[in-house]
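Letters A, B and C name the chains as they come in the text, with residue numbers starting at 1 for each one.
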Amino acid sequence: MTRVPTPIAMPKLGMTMREGTVVAWPVPVGAPVAKGQLVLVIESEKAEVEIEAPASGVLRHVWVEPPAIVPCGTLLAAITATADEPFDPDAFRREHDRPEAPVAPAPAAAVAPLPAAGPRAAAPAITPAARTLARQLGVDPAVVPGTGPGGRVTREDVEAWVERRRSLVPVADGVALEAPATGAGDPVLLLPGFGTDVSAFARQIPALAERFRVVGVNPRGVGQSNPGPAERHDVATSAADAAALPGAPAHVIGASLGAAVALELALTLPARVRSLTLVTPFVDAGPRLLAVLDAWCRVARTGPADTLARMLLPWLFSARTLADDAARERVVRGLAAIVARIPASTLDRSAAGLRAWSGTRRDALRDVAVPTLVLGAGDDLLTPGVEAIAAAIPRAACVVVPGAGHAVCLEAPDAVNAAILRHVGGS
Amino acid sequence: MARELPMVMAINEALHLAMQADPDVIVLGEDVAGGGGRADQGIEEAWGGIMGATRGLLKAFGPTRVRDTPISEMGFLGAAVGAAATGLRPVAELMFIDFIGVALDPLLNQAAKLRYMFGGKARVPLTVRTSVGAGLRSAAQHSQSLWGITTGIPGLKTVVPSTPADAKGLLLAAIRDDDPVVFCEPKSLMFVSGELPEGDYTVPLGKANVVRAGSDVSLVGFGRTVQTALEAADALAKAGTSAEVLDLRSLQPLDEEAILATLAKTGRLIVVDEGTPRCGIASDVAALCVDRGFDLLNGPVKRVTAPHAPVPFSPVLEDAYMPTAARVLAAVHELG
Amino acid sequence: MPAPGAPLSTETLMDVYRQMRTIRAFEEKLSELVMAGKLAGFLHLYAGEEAVAVGVCAHLTDRDVVNSTHRGHGHCIAKGVDVGGMMAELFGRRTGICKGKGGSMHIADLDHGMLGANGIVGAGIPLTAGAALTAQVKQTGGVAVGFFGDGATNQGQFHEALNLAAVWRLPAVFVAENNLYGEATPMEFVTPVRDLAARAASYGMRSAIADGMDFFDVHAKAGEAIAHARRGDGPTLLECKTYRYFGHYVGDPLTYRTKEEADDWMQNRDPLQRFAERVVRDGLVEAGNLARIDRETTDRIEAAVRAAEQAPFPDPSELLTDVYVKG
């Protein structure tokens, strides 16, 4: 049996060797070789290595002549048992030539380009569980107020928001308002001022709820209340909204812009009003008030809530509060939390409505036909001169709380509550 | 009638039971008996182990099966591996897990890999008992909790009991398991008593245990930190927060389903691990929660661990080193 | 089994020659395959040291356990591990003795008492002590034999294991194959003693030195050590002076030793040649029979290569099997 021809390939002398150099064939082609005899000299990594013949026979064919650098596994030569047995170099080479493929450079990882870092989302963080729940319930997480650290929206927040949403009251076509209620008895309606929500009456609600069913009304675009289609929140529309809430005629209490709405309600739908309380009201928005509103709208659009709160602080609170460091910081924190909740678009629309209404009811005060209390604050810089309003309304009572600012409901709650209770209790 | 016994006695009982039931179980380690070779002076068993865990074994089973070794951790652990691979069921003691440094090869490259490398033909039913943890003022080289190292080695199993009852059951299960198991004995729990059932029973490897049910936050611990978590849970209950406490018991195999189940229940999870923070169990559990429980997370996964530092000696420093209920409460607060 | 010292029968002599020739042919074939790029990983060849493995293992049965080093093919073959399974293992095939999961440095077959080659220098020595411990505790009458190199005698595991084996009088034989080099470093450069056997004195252990290129010397001295252990008289450190032909690993440029030195060992002290000359000269075996064994062995190895090349690779699912017995 003729032994099969034996290949000589460029050996792989170690894991890192990729190629070698053919340096010399000490045995000429056609000459006999003995197994173990030196048949080839190669160079690898600067060292010459002697390669022994793997079999005895004849060095029949050499494919790679020196000097040549070839990859490991390249067929270099063949040894046949005899010099004249049939041998097909091409077929043999096809079968035995296995040069190592060069290592391809690692393809640049096909990485999806990162989305261009958009402006840092103004939306606060939200937990995965909350996001999942929001998605399931079809809620836009951006509108959910967060109570977690740093305002993070938690699952509980989404649940609470959905719960609040369920309690919206329809007041007009496609418009439902958030009107949280507490307590029992005759209804009291609370109408908050510009840029705030029902929480502005936080110090009044517990006191009133002992004897009344207290309903706070977040106007269009505030809290959960629908913004509605109009580009301007007209005072007359807000009054109609409040009147549309179900229930008996109510003791209506409004503060600042809320007082304008309350006044409008008393003038247009007096049957819905059992008594009227106007806290720091105006019929003409003075230049200072208008300037503060303008700044309020601008800062709300671009600045953080803390900055807005600090800007509003001296306009809404008395010098005594401003002088007390601890009280001042506490107030700033609370104020920032409230103003953060009111979207800039709502402020713009409310301001437009306020400006449109200002001055239109100057002469109508004498037509107010419900028992009225006008409640002012001694240190109020935005709506001074409430005494004149009280004087123009028939049989209106007037109480001015000394040493308090425009946000008198928050700053002097005891005095405010006492005056209100006297008014609504006595009706 | 419930007996209360310390963990060291639970371990002793398990060893007696295991050796009685199976003649192939042998015990070896430094001073597992003590006083070797001095019978003519009336000395039989000087110590029974540095904490007494192996007391009485020499008398009950004889010197062929209960062997004091030279101080040659690599040598006798390697011998234990070789014995396990050839038909015995050895329980070798690595006196302090801190000594794993001088004995890692028999565990890392031999015990853990023989079965795999030999295509499934070998079996290494070895148990390594070892003391872990701080709290006894033993300083940096005798107080470590290196279960992160053994847990990370494929082929090894690692368990950490938190009570005497679990210690007995887990050790019997470990000895009877056909794979190499590292049985970690928290030194600060060895003399803490708890209910200890009589008789022969096992606690399965790879099953965590809800030791306290709750709904607002999950506290995951093992070994000593289970007690830490329970203290925190008590304080939280007074403040109106209901905490669930999960005792992992087994680090490899890890009961991933139990971890995800408690996360699904509360949405908020804190891991309390006495080991150091890098590449450890706390990070493993946190990664699992984020990877497989992402949509369940209602807050970040907090890790309460030892600091990235050696264990200090001074009692004031060592006490600050270890996870405490106060730190767990602070983590709950951060969770939001 | 013939008593130690008794002359070996012709049949036994042919058997041990076949084993040595198998080892030589197996290792040489591997060298070819590596140079041709057909085998992956590091291979450490035993050619030249055949007399040690075969001389020792001739005294052992399946109830005795051996283990070895990264240079373990010779011990596997001498202990009766299937050559076809070994070749398939080296080709990484599913039919390999370790299902392709171990490779050259971790070939094992517990059915034949082969506790494995080992990739960690010195790590097998405590395992040997462990296997001897099992024999002692279970009173099987078996012995454990550990093979290791000169380099391993400088490892901590060597010293700890020998100390332990001595103090417990374990039925073990520790065979130090002194082939004069640890990787690329000459032994005398890193070892302060000339004869490794001298180290046994530190452990109060019996020792002996054999000419590792002479089957008969190894066989005699191994027989005494194994009988000593089997009797319960304790372990022996048996040093065999030998030489590895192919260097540390296949492809080793051998730049740390001279060609003259290597040629001297290979040409003047080759264990197969010396064995053949002696048994033929003493009329114990006919030369023709030895030549026949040579040819049969060559064919057997070639057949093993062909079978291995055609065998299937392991299924990818095998990646995760056998990490644990359960779970």
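Going forward, a residue touches a chain if its C-beta (ideal position, glycine included) is under 8 Å from a C-beta of that chain, and two chains touch if they have at least 3 such contacts.
Keep in mind that this is a model prediction, so the values were computed, not measured.
In this assembly, C is the chain whose CA centroid lies farthest from the centroid of chain A. Central chain by Cα centroid: B, whose mean Cα position is closest to the mean of all protein Cα atoms. A separation of 70 Å divides the Cα centre of chain A from that of chain C.
The distance from the centre of chain A to the centre of chain B, with each centre set as the mean of the Cα atoms, comes to 44 Å.
Distance between chain B and chain C, defined via averaged C-alpha coordinates, is recorded as 40 Å. Listing the residues of chain B that touch chain A in their complex gives 267, 294-299, 334-336. Contact residues of chain C toward chain A in the complex are 32, 34-37, 42, 251, 253, 255. For chain A in complex with chain B, the touching residues are 127-132, 148-149, 152, 154-156.
Of all residues in chain A, those touching chain C in their complex are 7, 9, 11-15, 17, 47, 49, 51, 54, 72-73, 98, 100.
Touching chain C in their complex are the following residues of chain B: 24, 26, 64-65, 67, 69-70, 72-88, 102, 105-106, 109-110, 113-123, 154-155, 157, 177-179, 205-206, 253.
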